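Once you scroll down, you'll see the structures, which are given as structure tokens.
Each of the two complexes below includes chain A, the first together with chain B, the second together with chain C.
Our next item is the complex of A and B:
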């Protein structure tokens, strides 16, 4: 199965955007994001802390709905999911 | 009109079209690119989520302040100093509702709509920090 991972703003600059990702059964949202982010240390460190947990300000969405960090660490990715990761918003 | 777009918009036309039977006040909010020793600003949106959120904010404001009409136009892309970033047109029966509705909408946008801006300077660029962090990614309460 496959999912799509979308990074925005600074995270996009560091890690790219609209990344199609093959997903193994049982992969959590955090696993998926972490696996992609590891390709760029600066990008990984922008999203995850030294313990591999999401930094407090990072926002995770699954199919347009915000996901609590604790849930992202245990929720499994489903085929066709769109996962978005971004810093605090700054529009207006 | 609730939209995210690159193009500018004719504010005068929006004001004219915001007049409804019962309109007694129209408030226009026009957020513009400020000269903070920058060259340009670049805006980016998660439009698939941002547009429905803008629609939900307009709907909630309409209900809460008995608004007669709302336009929200948020621009993205590269914008020069002085250009319009965000235009909010609110039409209401009285000034209190129009002012309060307009203020409610801009504050809600800054709090939750996934849009970001980067100030481009001669030395590179810097992302503007959001005014609201969301703790552990906590979802905003439903606006319906």
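Our next item is the complex of A and C:
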């Protein structure tokens, strides 16, 4: 099965976007995002902390719905899922 | 009532909103938090639209590095207070409205006073702690908050209606890290226009507001989209069981 991972803003600059990903059964949302983000250390570090947990401000969406970080670490990816990873911007 | 001069000045938008709509703008008071990258274009367009009273608070002095985006401030204004610079330009643009500027840092001790008569708060800040304070104030006063933020060629905007929509804390429970953010003036120009459009729609009662939706702009890709956001029932600011207490606010 496959899912699509979309990064936004700074994450997109570091990791690209609209990345189709083959997914093995049992893969969690966090595994999937982490696996793709590992391609670029700066990109990975922007999203995950030193313990491999989502940084507090990172917003994870699955099929247009917000997912809590704890749930993203447990929830398995389903075929056709669209996962969006979004950092709020703060400038003005 | 609109004067003949006002009927002439606003002729082309009265075609959109009618004289009733224009009177609503004239009778409105809007607080703009910040006279920087977002605040300048927002203030200019709300001024030309004929919002009756605009209050702007900012504590900063114009710096040379502001001039690539803070379009109310000119080269000759370097070293001058942003509030004085903004007041001069906005009054010259439209002498028929009231511009009130306050040279201060917005904090919990003055925010209620600053927003006392406001019908809406425009978030033109550059940091999340003050945004959270504006959000709590908007919830407490039951007036809308028009949020916008930018970084580089990226931006976001949403409209918050207390009691009805997701608030800023529902959408962003935790602030992004502080940084000196890169920016080119077109980005706050574009996001500021989304916010100013929302203010005008809200005041005139026209159109569909950008509520429970986060508008996301990627200028590098020329790509705009929105994500649906929801009220968080457990939100510490607007959740059903939490009273707002500005003093105990968690920074």
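Everything that follows uses one rule, which is that the second predicted complex is superposed on the first by the 88 of 92 C-alpha atoms of A that agree within 3 Å, B and C clash if a C-alpha of one lies under 4 Å from a C-alpha of the other, contacts with A are read in each partner's own complex, and residues count from 1 in each chain.
FYI, a contact is a pair of C-beta atoms (placed from the backbone, for glycine too) under 8 Å apart; a residue touches a chain by one contact, two chains touch by 3 or more.
Here the structure is a predicted model, which means the values were calculated and not measured.
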Touched partner set for A:92, first chain B, second chain C, both or neither: both
Which superposed partner A:19 touches (first chain B, second chain C, both, neither): neither
Contacts of A:10 with chain B and chain C, given as first, second, both or neither: both
Which of chain B and chain C A:84 touches, first, second, both or neither: both
Broader residue contact with chain A after superposition on the shared chain, chain B or chain C: B
Touching partner for A:69 - first (chain B), second (chain C), both, neither: first
Partner chain in contact with A:54 - chain B first, chain C second, else both or neither: first
Shared chain A contacts, counted only where both chain B and chain C touch the same residue: 8-10, 12, 56-57, 59, 61, 64-66, 84, 86-92
Residues on chain A engaged by chain B in the complex (per definition of touch): 6, 8-10, 12, 54, 56-61, 64-70, 72, 84, 86-92
Contact footprint of chain C on chain A as seen in their complex: 8-10, 12-13, 17, 56-57, 59, 61, 64-66, 84, 86-92
Touching residues on chain B, where the partner in the complex is chain A: 31, 43-46, 48-50, 52, 74, 85-86, 106, 109-118, 127-140
Contact footprint of chain A on chain C as seen in their complex: 34, 36-39, 123-128, 148-152, 154-156, 172-179, 181, 183, 188, 216, 218, 220-221, 227-230
